[in-house]
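Below: one structure in structure tokens.
A, B and C are the chain letters, set down in written order, and residue numbers restart from 1 in every chain.
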Amino acid sequence: MISVSNVNKSFGDKHVLKDVSVDIPEGETIAIIGRSGSGKSVLMKHLIGLLSPDSGTVTVDGIDINAITYAELRRVRRNFGVLFQGGALFDSMNSFENVAFPLRTFSEMGEDEIANVVKRCLAMVELEDVGEKLPSELSGGMQKRVALARAVALQPRYIIYDEPTSGLDPETSNTIDELIRNLADQLNVTSIVVTHDMHSVLNIADRAAFIYEGRMHWTGTIDELHRSEDQILKAFVTANEYKIGLS
Amino acid sequence: MKFSNEIKVGLTIISATVIFILGVRYFEDLPLFDSTYDLVAEFDNAGGLIGGNIVRVNGVSVGSVKDVYISDTSGKVMVEFHVDPSIPVTEGTYATIAGFDALGVVRMDLVLGPTDAPRIPEGGLVAAATGADLMADLSDKAPGMIEDVNAVVGQLNRVLAETNTLLSTPDSDFRQSLSAARGSVQQIEGLLAAERDRIATILANADSLTSGLNAALGDNGEAVADLIAQMEETMATLNDDLELFHETNSQLNELLEKLNEGEGTLGLLINDPSMYHRMDSTISGLNGLIADFQANPGRYLKEMKIVDMF
Amino acid sequence: MIVVKPTLDIILNPLESLGRFSRLLFHAFGAVSELSIYRKNLWEQMVKIGVDSLPIVTMAAGFSGAVTTVQTAYQLVTPLIPRSIIGAIVVPSMILELGAVVTGFILAGRVGARIAAELGTMRVTEQIDALESMGLNSIGYLIVPRVLAGIVMFPVLYVAACFVGIGGGMLIGDLGGFVPAEEFMKGAREFFQPFDPIFGVIKSLVFGFLITSISCFKGYYTQGGAEGVGRSTTQAAVASCVFLLLADLVLAATLL
């Protein structure tokens, strides 16, 4: 259970998050939606303590992550797997090493066991044969899939996806969406998907939280989203559907 | 073959360490692999010696100076140095500092002790001798020389001061002697003044005699008979003079006899001892004069020479 | 206000940078205890910073030794001064100054720029965020090994630079007919100060620390995409050189 309450955050003169509150219940897949620059990514970084709020609290499993030491925060973070926008694979390591990295760093596993886990994770993202390849030798979609394999290698309880489908072709997007849904179902993880892609929101999410101009404008289930009469939300959703209709 | 990172790094670090240690030992003039033999020497003056300078034995480089510093306790210059352990630095070894400080080429020379003597232990003190540093020698000796000159001048001053006090003290022997001497000289002068007229007469007579002789010689000796006659006359005059002189003397004797008997005011004078002394010295001066007259009559009677010519 | 603000910034910006730099170092040294996690990284950085820099460093040092010898010989026109003086000038120059400073400048360019570009890219591609999100201490993981590698390997490179530099000077002196190798070494030994190489090692330690830590600082706090990476890289190389010269002066003034 992650709980964000009354978080404010400014960068210089720019007030990015304005009194944002949202609860993310265990086992659900929640989509944080909003236009580019609305503050989605900033909110996401608050969830794992990469940024700390100017005011308000973020609690993970009841722990206020801004009131604990750095060492404790890092222990909390090990419950998370994060898929960054560009994949954020370590470009000095090949795919296998990237996936093995958290295992080697944090688990007590031997090399054989690690190799097995890495193989299983890469198989899950359907990339068993790219282990020797460096990130620069992979396409954008493949990089994201390897990064996803890395994010889940330690079997986190929370997985955060930052724009998982942006910049990908629709087919690859669908593959990623499918992976996210499968992971949520199989591993019973709590997923937080930060996206502006309504198509994938409708595909994978149980709930949605709509950020508009730094405020938490609307939260609710996908059913409620469909029925909502909120003009701003409707405009955002239809703009996306129009885009989907075109493609 | 591909080496692991650990091996590459390890090899590099070890090679660098070995090069560093051997390099430093090489430049410090130490044997590359043997242990060293550290010693200390104590000097009054380091003569510009610094760490890194060479230590030599009989002109052979055997080690180097590690450090030069002023001892906290003794205030002397301590020189730490190390030499090849094979060098027998025995008891009796002494160290000197040599070379030109101005050129920066200073070194320490060791003069080894007898080979059968026991070795100076590690860290032991080597005796120091004054080095052959000429400039340092000069600078060393200059203060001594100035001291010597000072002493002489001081003594001279003292002598002069003593002389001064001697002269300024009225009762000192020296002053008495000087005044006595002055008194004697005055009396002799007085006597000579009294007799001057007579002596002048004698000399004038002698002069006329000489001119007479000259005239006679000018006439080719024709008037020798006249000359002899004049001579006899001169001799007679001289005789008269001498008789007069004798008379004076006898009168003086008479006076003295009377004085001795204490007659008249002069007799009273004799009671004054200083007066007596003066008289005494006057008389002895007179005696001297007479003795001189007898010994060197020629000085007073030049005419005798003229007589000799004949 | 408009007039005052830029003036204040001139004072405040360096102060702020110094503060952030100190905080980064503070964090980094807090992470030293976790070194076992970063050990592999440390070896890797030692190879990248140290071993891989050997060719360029020794080449530059060899040439500077040779050039110093030739120029010293050129300046010594008086036959009164023994030729061994060339060795007595070249070797201490190498040990005291050139060995460390030439190595420093080369590493400021080679290592400093590389570190800043590497960390800058990691920052803008969110790799640093990825490390953090995994629960890793990114400062410990990225900066400590680089700075430690700099501190350990820089003296090693210094020794190599001195060795090759003195060798180069001696060789060119002998081959060029300026001074025979034996006389060169005799002069060097005559005037050798045991503290000189220790001073050189201290200097190279400080340089190693400065170059790697400044470059890490510049790279770690990169902002603004590819352009930001370029800016950080330039600043890292320039700042490393400037602080290297400053440290050189300060060390010489305090230790010599």
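In this text, a contact is a pair of C-beta atoms (placed from the backbone, for glycine too) under 8 Å apart; a residue touches a chain by one contact, two chains touch by 3 or more.
Everything numeric here is computed off the predicted structure, so don't read it as measured data.
Shared contact partners of chain A and chain B comprise C.
Ranked by C-beta contact pairs, the top interface belongs to chains B-C.
Of all chains present, the one whose mean CA position sits nearest the global mean of protein CA atoms is C. With centres defined by CA atoms alone, the chain at the far end from chain B is A. Separation between the centroids of chain A and chain B, computed from CA atoms only, is 111 Å. Rounded to whole angstrom, the centroid-to-centroid distance between chain A and chain C, based on C-alpha atoms, equals 41 Å.
Here the spacing of chain B and chain C, counted between their Cα centres, is 72 Å.
Across the complex, chain C is touched by residues 4-6, 8-9, 12-13, 16-17, 19-20, 23-24, 26-29, 50-54, 64, 66, 104-105 of chain B. Those residues of chain A lying in contact with chain C across their complex are 45, 48, 50, 70, 74-78, 80, 82, 84-86, 88-91, 101-102, 105-106, 147, 154, 160. Note for the complex: chain C touches chain A at residues 37, 121-122, 125-127, 129-130, 132-137. Of all residues in chain C, only 43-44, 46-47, 50-51, 54, 91, 152-153, 155-157, 159-160, 162-163, 188-195, 197, 201 touch chain B in the complex they form.
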